[in-house]
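We just call them A, B and C in the order they show up, numbering each chain from 1.
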Amino acid sequence: MEDFRKHFSVFLTFFTPTAGWLVLLFFVPLGIIWVYSFGENISLTEIKTTWTLDNYKRMFEPQIITLFWRTVWLSTLSTIITLVIAYPISMVIATASNKAKPWLMLVIILPFWTNLLIRTYAMLNILGTRGRINDVLEWLWNLGDGALDLIGLGAFDLLGEHFAPIRFLGNNSGVMIGMIYVYLPFAVLPIYSSLERLDRNLLEASLDLGAGQWRTFRSVLLPLTSAGISTAAVITFIPMLGSFLIPNLLGRGKVDMIANVIERQFKSANDWPFGSALSLFLLYITFIILAIQAFANMRANKGRNDG
Amino acid sequence: MAKLKRDKPGPFEYSRKFSLRFSFFLASVFLYAPIIVLVVFSFNNSRRGGNVIWKGFTTKYYEKAFHNDALIEAFTNTLTIAFISTIFAVILGALTAVVLWRFRFPFKPVFEGMVAMPIVIPEICMGVSLAVFFSQFGLYVPAGTPYPFNLTNIILAHITFSFPFAAMIIRTRLNNFNREMEEAAKDLGATEFQVFRDILVPHMKPGLIAGALLSFTLSLDDFVITFFTSGPDTVTFPIKVYSMVRFSVTPEINAASTILILITLLVTAVAMKFQTFEESH
Amino acid sequence: MAPTPIISVHDVCKYYGNFTALEGISFDIKPGEIFVLLGPSGCGKSTLLRIIAGLETESKGDVVIDGTDMLGIPANKRPVNMVFQSYAVFPHMSVEANVAYGLKLERLPKAEIKAKVAEALEQVHLSQFSHRMPDQLSGGQRQRVALARALVKRPQVLLLDEPLSALDAKLRDAMRLELVKLQESVGVSFVMVTHDQSEAMAMADRIAVLKDGKLRQLDSPTALYKNPCDQFVADFIGRINMFDVSSHTRNGDAVQFDTKTLGTVTLPASLMPANTRNLAIAVRPERVRVGLEQPAAEMIAVTGTLGDVAFQGDSSLVEIILDGERSITALATEAQAETLMALEIGTQVYANWQPKDMLVLPENASE
């Protein structure tokens, strides 16, 4: 690497377009909504920046707090479930033969290349009360009911009188299933690469010293892949927190998350200042999460170097 | 001792353990079933969408989709946006990658963080801020602007979110560039520009192509940011589908979605093919 | 009476699909010995060690440790512990925690664990590093952690997979000695895998030489050197001058061997091995004398020209070029080497040795 002053004109030729683009089309827009977040609507189309804190105060209204709370816990729970599913998948890919590895990886990654809207829409087909999941469940119900009849327990209606479809759309479960579905491939990559880097001898050493499979998993495998797990958690949690389409389509307007309320401020309620404040709030949460992760990584590295 | 079957998986051959294989299988079903159902029901001879029972095979919804002018227009818009934004994203990405790879300058970590920001922040924040930005500066594209300039706002937005991804990929490629090649070229009399054109760009080429394919798919995939930056006359395919879905679920949407899935698969296949080609050479 | 073996390996085979990694391996390991599995890379020696450890399952055969058949017993339930080639020291645990890990799994009381860990670290001279993390240690220190971690479990047998290969040359020599001393003080058997014959010779009580998944010879280092069973073992262990035999005829107590390089050589029949396929006759360099005068008639002699003399400290390797392409190596003492070095390269010399110093070797004794 060379000092930028050595070939200053070359440096400028490369640096200016990028930096200029980023500033103009990324930071200036963010700056504008930052300013807007201190503004008021004075007429239907005019916003005046009065440096009021009202928009931020409104975040402490009970319904907004409820909204934040719902967004956070839906995302947290979905992230945890995603990680629990992603870990064994990653284990399989990481220990597969070199020939099978890229194909298994492709199986997991391919859906990620498909349009988010299409995937969410596909989920809509599956999750309805007359959707495919309920079809399968009804088939299982009939099977179970028939079996009960066969063993002479039919009269007791142990499975209920009729098959009752499970509602997924318009409630938390549908939104969570949708988010897990969409972000699962994200979680697999970092966990896989941390497993891939791991020296297999470490696991064998643990076994050799008397630990069983489960103990080895807990004391060696999990701690040594914790960096991958935390990266996976962050890169699934952040987009989940900002999900708009999934709660919008699968929540059927009944399970709002922050992004849905933000969208409403801009598209229908026409309260841009409040929408801006909400967006910035979401942005700050993102930064806090990233900072925590960076800090944790730094401490982990430091702990190693200084003992 | 009797002959025993001892070909059981080793203690850490997770990929050979039934329970783990089975969970991989279940996860794959989870990932693919919805898409397969969507594709299958695009051939369903039923007026309502995939939510009802199979009523026989038909391709009429593909015909219908192809005769839906609004849908075709949205589709063309999406591809145009993807093409144009990809070109710019790759150029900007390459410049960024070279800056980060080659130079040491004050506040470099800050600049790196700035470049990474569009990747990490929630899409909705970017969508909202760009929407406000375009309206604040009166950057409305006036009605009747000739194609494809009517798509300018969306294209600008797409370049902004995709070039950092391209930069990341190109930079990885640059990391294994041998700087002595550059020195050798200079030693032989090449100017800065000639070195860039004759030595660096050819080396970056696989990275540029990979970056382009990624930018292209990102652009095809985007819904949220487009949702905030598109106007009533500049509808893209996802936006169109979204409004159709909100209205009602029809097999026509399934058909249109299937076509987009096919295009994405094609791009991915090209990317893969190219990657394996690069690896084998 | 021979002591009961601590490990008994009986007819162990390992197949990976069509590939045979190990075939029909049998041997006993005595309590308190250093047993070395020696062979070129890919000979199956590490696989064998891993089968003993329980990290891999044999396709056929039995491993009995301390009287118990190990079939179906996983690695974590076997009374043996291993030092891995990469050491496999847990990077997220301190030195102390690494050594304590195996003891914690035995659910010993805390105080006892602490005492045992301290003792083990003392043994490998790491007491002052107990709170360090592995990435703050040198390669040699990490190896000691791996040793302490395995030994603290008081295994019946300690398994070492190429324990010295990752160390630099000087440290390697020092560690050889230290490992032997350590083995003497703890008294458990060591089973060590190596591809380095000098390491095996320096440390082992007994060596098993493996090639292509088969056991070629099992003997003490001296016996292997003096009486190698076939050409592979002779060549693998130490230096040797080997001459292919085109045909041989027996004449009572003597056998005549026809060779290209030495012509016809007559040797006592007592030297003949049981297997006589593709024989070669051979002589170790230290048995070969180099002189300027015609040697006595009873000696086996060959005329050649003096080649390079490679100084090795207390001795020198002398190359005698026979016919432009073939050569013989002799080991000369310091005094002899000085005389030879005074001569010009290309001087005619006589390489000679006594018939009793010759070895008659089949290509592969076990075929």
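Everything that follows uses one rule, which is that contacts are C-beta pairs under 8 Å (C-beta built on N, C-alpha and C of every residue); 3 or more make two chains touch, one makes a residue touch a chain.
Remember, predicted model here, so these are calculated numbers, not experimental data.
Under the stated contact rule, the graph of chain-to-chain touches is complete, every pair of chains being in contact.
Chain pair with the larger contact count among A-C and A-B is A-B, by C-beta pairs in contact.
Between chain A and chain C, the centres computed from C-alpha atoms are 56 Å apart.
Look at where the CA atoms of chain A average out and do the same for chain B: the two points lie 18 Å apart. Across the assembly, chain C contributes 55, 74-75 as residues in contact with two or more other chains.
Counting only residues that touch two or more partner chains, chain B has 11. Among the residues of chain A, those in touch with two or more other chains are 204, 207. By the touch rule above, chain B contacts chain A in their complex via residues 11-16, 20-21, 23-24, 27-28, 30-35, 37-38, 41, 49-52, 92, 95-96, 98-99, 101-105, 111, 114-115, 117-118, 120-126, 128-133, 136, 156-157, 159-160, 163, 167, 192, 217, 220-224, 227-228, 238, 241-242, 245, 249, 253-254, 257, 260-261, 264-265, 267-268, 272. Within the complex, the chain C residues that touch chain A are 53-55, 74-77, 80-82, 84-86, 88-92, 94, 101-102, 105-106, 131-133, 135-136, 146, 149-150, 153.
Those residues of chain C lying in contact with chain B across their complex are 55-60, 62, 69, 71, 74-75.
Chain A contributes residues 199, 201-202, 204-212, 215, 219-220, 223-224, 303-305, 307 to its touches with chain C in the complex. Those residues of chain A lying in contact with chain B across their complex are 1-4, 7, 10-11, 14-15, 17-19, 21-22, 25-30, 32-33, 36, 85, 88-89, 91-97, 100, 104, 106-108, 110-111, 113-119, 121-126, 128, 130-132, 181, 184-185, 200, 203-204, 207, 213, 238-239, 241-242, 244-245, 249, 259, 262-263, 266, 272, 275-276, 279-280, 282-283, 286, 290.
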